[in-house]
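Here it is, the structure in full.
In this document, chain identifiers A, B, C and D correspond to the written order of the chains, with residue numbering beginning at 1 in each.
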Amino acid sequence: MTTDLAAVRRGIDQSGHDPLLLVDVVSSLGSIDFRMDEWRVDVALTGTQKGLMLPPGGAILCVGPRALEASEKNRTPRYFYDWRPVIRDMQQGFFPHTPATLLLFGLREALRMLFEEGLDDVLARHQRLADGTRAAVRAWGLPMLASDAARASNSLTAVVVDQVDSNKVVKVAAERLNLALGVGLGQLRGRVFRIGHLGSLNELEVLATLAGTELALHYSGQAIELGVGVAAAQRFFAGIAAAGAGRAAPAASVATAERVG
Amino acid sequence: MTTDLAAVRRGIDQSGHDPLLLVDVVSSLGSIDFRMDEWRVDVALTGTQKGLMLPPGGAILCVGPRALEASEKNRTPRYFYDWRPVIRDMQQGFFPHTPATLLLFGLREALRMLFEEGLDDVLARHQRLADGTRAAVRAWGLPMLASDAARASNSLTAVVVDQVDSNKVVKVAAERLNLALGVGLGQLRGRVFRIGHLGSLNELEVLATLAGTELALHYSGQAIELGVGVAAAQRFFAGIAAAGAGRAAPAASVATAERVG
Amino acid sequence: MTTDLAAVRRGIDQSGHDPLLLVDVVSSLGSIDFRMDEWRVDVALTGTQKGLMLPPGGAILCVGPRALEASEKNRTPRYFYDWRPVIRDMQQGFFPHTPATLLLFGLREALRMLFEEGLDDVLARHQRLADGTRAAVRAWGLPMLASDAARASNSLTAVVVDQVDSNKVVKVAAERLNLALGVGLGQLRGRVFRIGHLGSLNELEVLATLAGTELALHYSGQAIELGVGVAAAQRFFAGIAAAGAGRAAPAASVATAERVG
Amino acid sequence: MTTDLAAVRRGIDQSGHDPLLLVDVVSSLGSIDFRMDEWRVDVALTGTQKGLMLPPGGAILCVGPRALEASEKNRTPRYFYDWRPVIRDMQQGFFPHTPATLLLFGLREALRMLFEEGLDDVLARHQRLADGTRAAVRAWGLPMLASDAARASNSLTAVVVDQVDSNKVVKVAAERLNLALGVGLGQLRGRVFRIGHLGSLNELEVLATLAGTELALHYSGQAIELGVGVAAAQRFFAGIAAAGAGRAAPAASVATAERVG
């Protein structure tokens, strides 16, 4: 699901309160529109291994002036989460600890890649790849966890299965096809599996993922017609709108400006 | 096409002549069965960049005793193609020139990978991936250049198009999908394109290639039903035999022992 | 300096108290002898980027049973430093967070390298390279911060300069020679610079470091005879004992069994 | 040795003949001044693994118009050395064979590095590093094969030993110090060893090489005072002219414009 951060901001503004707004953009930064200034976000947190296309190993915090001020005034003891020595040293080009240098060099290159493609084009690509993925899931006849299409995530699609344990689908995909799907977490364990579609990704990789997912569903015992999801995604990519998808698409586009985060 | 080297050997044996047998196994070594000793091949030539899974840059010659003897007796002047200084120096662990060391280190690792998987399993994998590819082409309704299925190559499938210039398919695949197909060469230029399926390759990569090829055909103007080739390959991989493919498969398997090279 | 952990252990044992023993082995693990079990260390902490020869980015904790028990009984709130979810998940092959996978793969290879060379040989190599470095510093006529030779560190040598700001030596080494020396920290700032000699390191690299340090000292204005340190280290490596070094060496060797950590 | 190509050109011009001028610049291109147009060189041949700083594996030919014309007129049969299909295909962006793509990508980056540093600065760096190396050899009291200092090569220094087999020096350097020196070839076998100093190389690497060579000479039984060569090179790099070197340096500089190739 995508949280409509602009709406959250409006809700806060209308509440008469003025709390700090802290958001987790781990699965969205660099893949889905995010406007820290416009939405007056105080702290945004992400990791290196998603839309920033790097190996895992780093957390990245973007901290605005109101959060900094709160941090200065706060009197609770802290050590690891204390931003002050980091900020103080970084202003002179240093770190208070040994930094993960390879991730920093990688981050510089990742940002170059994102800006070379153009951030708008990156976001549009994720929209297109996610729309293709959702077209495939609809063709499979399986529900998506994000039942409201207008709020579906452009970086991840959680698919609900009813005839098999979703963990089995993930296991079979890994063992027989070398395909990494995600398991359902918490109370969704066994009921959904997740298809990731973010970062450095193109149409062929999405089609391969969908084709492999179809095989994994088939091998696991979930009744499915092989190829129908791939074909639906191909038709979407080729601009051959399916009836249902055709009607949904404009609505989804309109919704985009409002909702993402 | 696959040349039936065992049959060539039998033909030579029955001819009453005893020429040297020199074979080009560039597109087959490490992908399709090849038996240098059993078929009494005198020189086999390959490159690093196909079944050996390395970057291009090296040619590899396997030379048997009869070819060495002919080389010694031959009186024509030669320099680059003279094996004698190479063999002399190599026997002492040297090269008469600066060797392409990275390719040698890579070759050692590539051979480890092939033997770790097991050469029989590598060949069976190529058979399976090629059969899946051919099932897709048949589903497209397009002819393969290798009209005799029993002699089709397990490393490459040349597809004949009749409604478009095949160069256009290759160009569109590269530009719109970042997919590398091969052009038709010589008198086949414009009439066929080639799908490579050899080396380090699995089912998902084949399915991505087929899905992308379908899109490229569609974009180029060749009438095709999107997804039917992918579905046919999936059904083959899943062991759901199509009527035609089901009958052909056993015959192809029987033919394997006889034909490849 | 090297802390004599065995002596610390003996001191604790004789004190009649039984506190947890937590040690920082960041600069020593894999370079200087460390015996967690024999010295009954409860927690040892290191990083990836020193003796383990990996890029920076990971901290590694080795936790013994008494520390685990104390952690379980402890009632203070904690989150980042809470070991319990990590241990619980790891027992099933998982992590409670996304792990820095590249560092884990690298660690496996680093440990293979250490055990392939043999841990005793790795420690002896660090002893030899450190002895060579100290022979050079003595030849320069500059004091080492570790004035007691028997307690000098085998992974790092801090050199005291009196005619120049040590920060200038470090800066000149970086800018003119592409050589990374370490600055003095805290109250040693400007008075000492540090020569690191740990991890994947051989005699030639030590000699290059010493030769570059001599040039950086000369460029910075510290009077020094170029080459005398390199020559002293070479003579040590070649087994040509200098008078002073010859007498010191056996004493240092005897001390080794007692002191390191 | 460096061949004085400008003098060769003048000699040819004065001879009244007008042959093609073909030069081997394997060990010099990118390290020592070379002027193809000014010296009217018809063919220059180099490899990837020297001044171009790439792995070995590629030969690079630079061919001028007169050589091309001769090649067209020549009627002898040739295949591997036939430039015509290469030139024809390259004009359309193709190769008549599978190119060593990694070397081509690497070459683009290597040229960027050379031009980023500036070709004049690259040549001056090689001059400086070679002068430092020669200062070391003079300090060792060992003759250089290039007895005329004005014609010594800036990419390679061949050192003559008289008390030991030079192959032993090379072997000991490799086995005990992981240092790669070159053996003497042909009639120089056993009498000289070679120190390479070209490509991506800085002062510290030269000093490490010299320090290791001193140890290898010592271990092999060639009488040498450890450290004197390193010290001589350091003094040269620091601008502390030794008496002999001081007088030689200006002469060498003057000669540079005349001689190299």
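In this text, a contact is a pair of C-beta atoms (placed from the backbone, for glycine too) under 8 Å apart; a residue touches a chain by one contact, two chains touch by 3 or more.
What you see is a predicted model, and the numbers here were worked out from it, not measured in a lab.
Among the remaining chains, not one touches subunit C and also subunit D.
Seen from the C-alpha centroid of subunit A, the farthest chain centroid is that of D.
Between the CA-based centres of subunit B and subunit C the separation comes to 54 Å, rounded to the whole angstrom.
Centroid to centroid, with C-alpha atoms defining each point, subunit A and subunit C lie 42 Å apart.
Across the assembly, subunit A contributes no residue in contact with two or more other chains.
If each chain is drawn as a node and touching chains are joined, the picture is one closed loop, every chain linked to exactly two others.
A complete list of chain pairs in contact reads A-B, A-C, B-D, C-D.
Those residues of subunit C whose C-beta lies close enough to touch subunit A in the complex are 47, 49, 55-58, 80-81, 98-103.
Note for the complex: subunit B touches subunit A at residues 177-179, 202-205, 207-209, 211-212, 214-215, 218-219, 226-228, 230-232, 234-235, 237-238, 240.
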